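Two complexes, one shared chain (chain A), two partners (chain B, chain C).
Take a look at the complex of A and B:
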């Protein structure tokens, strides 16, 4: 009997079971919940109505929150891309003996708890925090900047959290690139910028797509940083879902928000991938 | 006319000297092969001509123009790579057009020039393909078209045939020679393969230890290698250690004794009063069949057959000679009848005294 089950399915089985129990099943429950009714007294009634979705899409408060979440996700991905590209390119082009230590340095933040890192940012960003103190001492600013509990503060802290993911993905692609391609481009008359623009950049595109999608999707649903650095002043989808679930116990609405967030993520990522798809990636298959 | 001139080129990586005071002049329109084992500095030399590396000291002149410190993208020098280095994200057309676009060639001209260039490497119908859809030989021809479309004065080849199989290697080698006639470029061709160097080079510069050991036409390098290294590197060779040089050098020939006590006559050479090795090419040796000894003209050596290999165009016989460690190699071509020697059978071979070289 066992013979007839192909080996790859046996290897896949534990993962699939966990995924079904811990992801697919709860996600299905989430979908069902999102169509439930919340009565005016706050009680939850099983039903199949669009109440929760209507509530979300007719209230500018929630629409703005969705927009803010996407906006933060896009900005964080963009900043991570620029900073991460420099880092990844720099590491890939350094002497081999420095590469591993530098990559370790990049990956090190991933080994500390996100909560600890975000408390660190509170110390740095707060009104009497390290950053403001230094800038005032250096006479660069005279009034402390408001960074805690602002979108800017959340973006700064999120960039710090997400950067390692971006660097590691980009590094793999840039490091795998044949250096002769850059030499060939330069030999054919391209200066350093044009070598990068016409050869290195297009070839690192798969890394750019993968890195930004990874950072965007993690950021969009990231909870700890907005919650600690943004507080209740910077409401994002993830923090509001937590509020609705834990504080207000409005599970149907929280479920609907979860579904909306998921669909938003799918739409944005598929549009983005489509926009960046090129002919040669198809030709290589 | 002198096209390219390297003067006292010296290159160090850390404390390691890779190219050591190299001097080389390449004439306009010729193909010069830099031939040597890996690590001899040939690729580094090429890389410095292309501008990918800067010499520690020395100068590179292209047609009386100092090139040493010119940025690679401003040199009128083409470069063809071993691994083709085609841009994977660009079509064949765009690969060939890359250089033209970087040089600001007008759009109206680009299409015609790219197509003409692709036609000259027989790839006219492939302009819409991507590199990954082409075979190795086709990719290298696209790379040639990409370089030649810019009509560079000098084209550098960095082992461009090494990734191809033997048949293709020869076909593409000949194609490169034909392209050179068509485009009239000067070429520097780096290779570790002596057959390739013989096939392609008007002259061959044999390199070892960061410098040129011998520079000459393929025939000169083959017939008169300056030292055992060159003799061994180019073609097959029998190198026999000399036990002692004796007897008067007054006559035209002198007799020397090699290990094992065998006596061999060589043309007297005043330049080399204390030689240590005798060299004989395997193909200048014949098997003695008629017992007709002429010791004024020939050297003779007797041993036992260790093996006979038939290679299609020739037989390679390995002979175990007393006192000599390595088998003595004899290559016999154009045998009208099959050779009949069994292993261990005694065999006597002969070769002309003038074909015996000493070092």
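Take a look at the complex of A and C:
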């Protein structure tokens, strides 16, 4: 009997069971909840209505929040991509004995909790914080910048939290490429920039796609940073979902927001993949 | 590449670490029992009481040792916020595990209506006769053992004259230096209601409050959610004045932040800490003796020192460092505004949305 089950399915089984129980099933519940009704007294009533979605899409307050979340996600991914690419490329091209220590330095922040790292940013970004004090002392600015409790502050702190993910993914790809390709290109007369543009960049494309998608999706659902650095004035989808779930106990609306966020994430990532595919089609062949 | 395999393992380990790190430190160990097993002939009687955690629980656990000795009791302190305590009482209605519960958000009324509380016996709780009149709940199920007031806390060094009214928040001299608390924090919510009452609104009508706070937003340095953050705002001189709670004003001052508390002329908003005996308690007499203990003048002074709760017993005398900052005395207690907490709790969800739209930038 056992013999008839292919080996790969046996190996997949534990993972699939966990995924079903811990992911597919809760997600399904979430989906069902999002069609429930919230009565005026705040109680949850099983139903099949579009109340929650109508509430979300007819109120500019929530639409702006969705837009703000996507915007923050895109900006953070873009900044992380540029900074991360420099770092990953630099590490991959140093002498082998420096690579592991450098990677350790990049990855070290992952070992502290994001809460701690964000508290660091609060100290740096606040009105009387280190950054403002230094810039004022240097006479670069005269009024302290408002960074805490603003979208810019949230973006700065998020870039810091997300950067290691981007570097680690990009490094794996850049380090894995065949250096002979670059040598051949320069041998054939390409200058350094052309080598990078026509050879290195197309080869690192899988890393760029994986890295940005990873950073984008984690950013979009990230809760700690917007909640600590953004406070109550920068409302993003993740913080509002927490508010609706924990503070206001409006689970149907929170579920609907979760579903909307998930679908938005899927749309944006597939658009992005498509755009990147067509862009490098020529270079790859 | 040689490095790659090692690298992959490294990556996986790191991811595992970082995600486990995100879970934070949720330690479930918030119950502690002091079993000073003195070798008396009788076994000590067991009593389970709640506390709110933090500084107040530390103070309570300290003086509970005295209670255990006096009454030959074995007291277990469970950390439960008011809403959680009420939920637990409902769930355990037929077989309660708690004997004495403390509430701070008016839950005693709901609990009494649902038949979850026992009527208190004045012959056991002798100190009930010494309390301010309003500190004994009219139907006799609940006593207020301490109170806080929502008023104005201000920077002692930078504010020349102590504020006297909620209206002072809108003064030009504080522009850019006002701290506000988000509605998700009960104190922030109470301030919204206080502003509404000031402008002729009520617990059912906060529009006047929202309108006047709209004018305050441009003067605001920060809107924070967590109570300790208010202390940070003062410590970092980001704000000079904020509508906040007297107990925390005391706590911040203890931590060295130069703040003081002022009760506005319109009256502070009262936050009442009540002690209640759970219906079906296996040890009702000891439970009431514990409440009597909480109402003793010297214990109320310790409660004030630990958690910043103002006393309700006419005989309680506070040391000067406490009476300087905490509101105290029968007159102060009677002048507090008693919100209609049923309406307050029912409207919270709708008001939160309005508030969020107001402050979002």
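Note that in this section the second predicted complex is superposed on the first by the 270 of 285 C-alpha atoms of A that agree within 3 Å, B and C clash if a C-alpha of one lies under 4 Å from a C-alpha of the other, contacts with A are read in each partner's own complex, and residues count from 1 in each chain.
Everything that follows uses one rule, which is that a residue touches a chain if its C-beta (ideal position, glycine included) is under 8 Å from a C-beta of that chain, and two chains touch if they have at least 3 such contacts.
Not measured: the values here are computed from a predicted model.
Asker: Scan A:127 for contacts with chain B and chain C and give back first, second, both or neither.
Answerer: After superposing on A, A:127 lies in contact with chain C but is clear of chain B.
Asker: Contacts for A:160 in the overlay, against chain B (first) and chain C (second): which applies, first, second, both or neither?
Answerer: neither
Asker: Touch check for A:150: first (chain B), second (chain C), both, or neither?
Answerer: second
Asker: Tell me which partner touches more residues of chain A in the superposed arrangement, chain B or chain C.
Answerer: It is C that touches the greater number of chain A residues.
Asker: Applying the touch criterion given at the start, work out whether A:61 contacts chain B, chain C, both or neither, answering first, second, both or neither.
Answerer: In the superposition, A:61 touches chain C alone.
Asker: In the complex, go through chain A and note every residue touching chain B.
Answerer: Where chain A meets chain B, its residues are 178, 180-181, 183-191, 194-195, 198-199, 202-203, 205, 278-280, 283-284.
Asker: Taking the complex as given, what residues does chain A use to touch chain C?
Answerer: 41-42, 61, 96, 99-100, 103, 107, 110-115, 126-128, 148-150, 164, 168, 171-172, 175-176, 224, 231-235, 243, 247-250
Asker: Which part of chain B faces chain A closely enough to touch in the complex?
Answerer: That would be residues 50-52, 71-75, 77-79, 81, 83, 85-91, 98-99, 102-103, 129-130, 132-133, 143, 146-147, 150 of chain B.
Asker: Considering only the defined contacts, which chain C positions touch chain A in the complex?
Answerer: Contacts found on chain C: 1, 3-4, 7-8, 10-11, 14-15, 17-18, 21-22, 24, 182, 184, 221-225, 236-238, 346, 348-349, 352, 356-357, 359-361.
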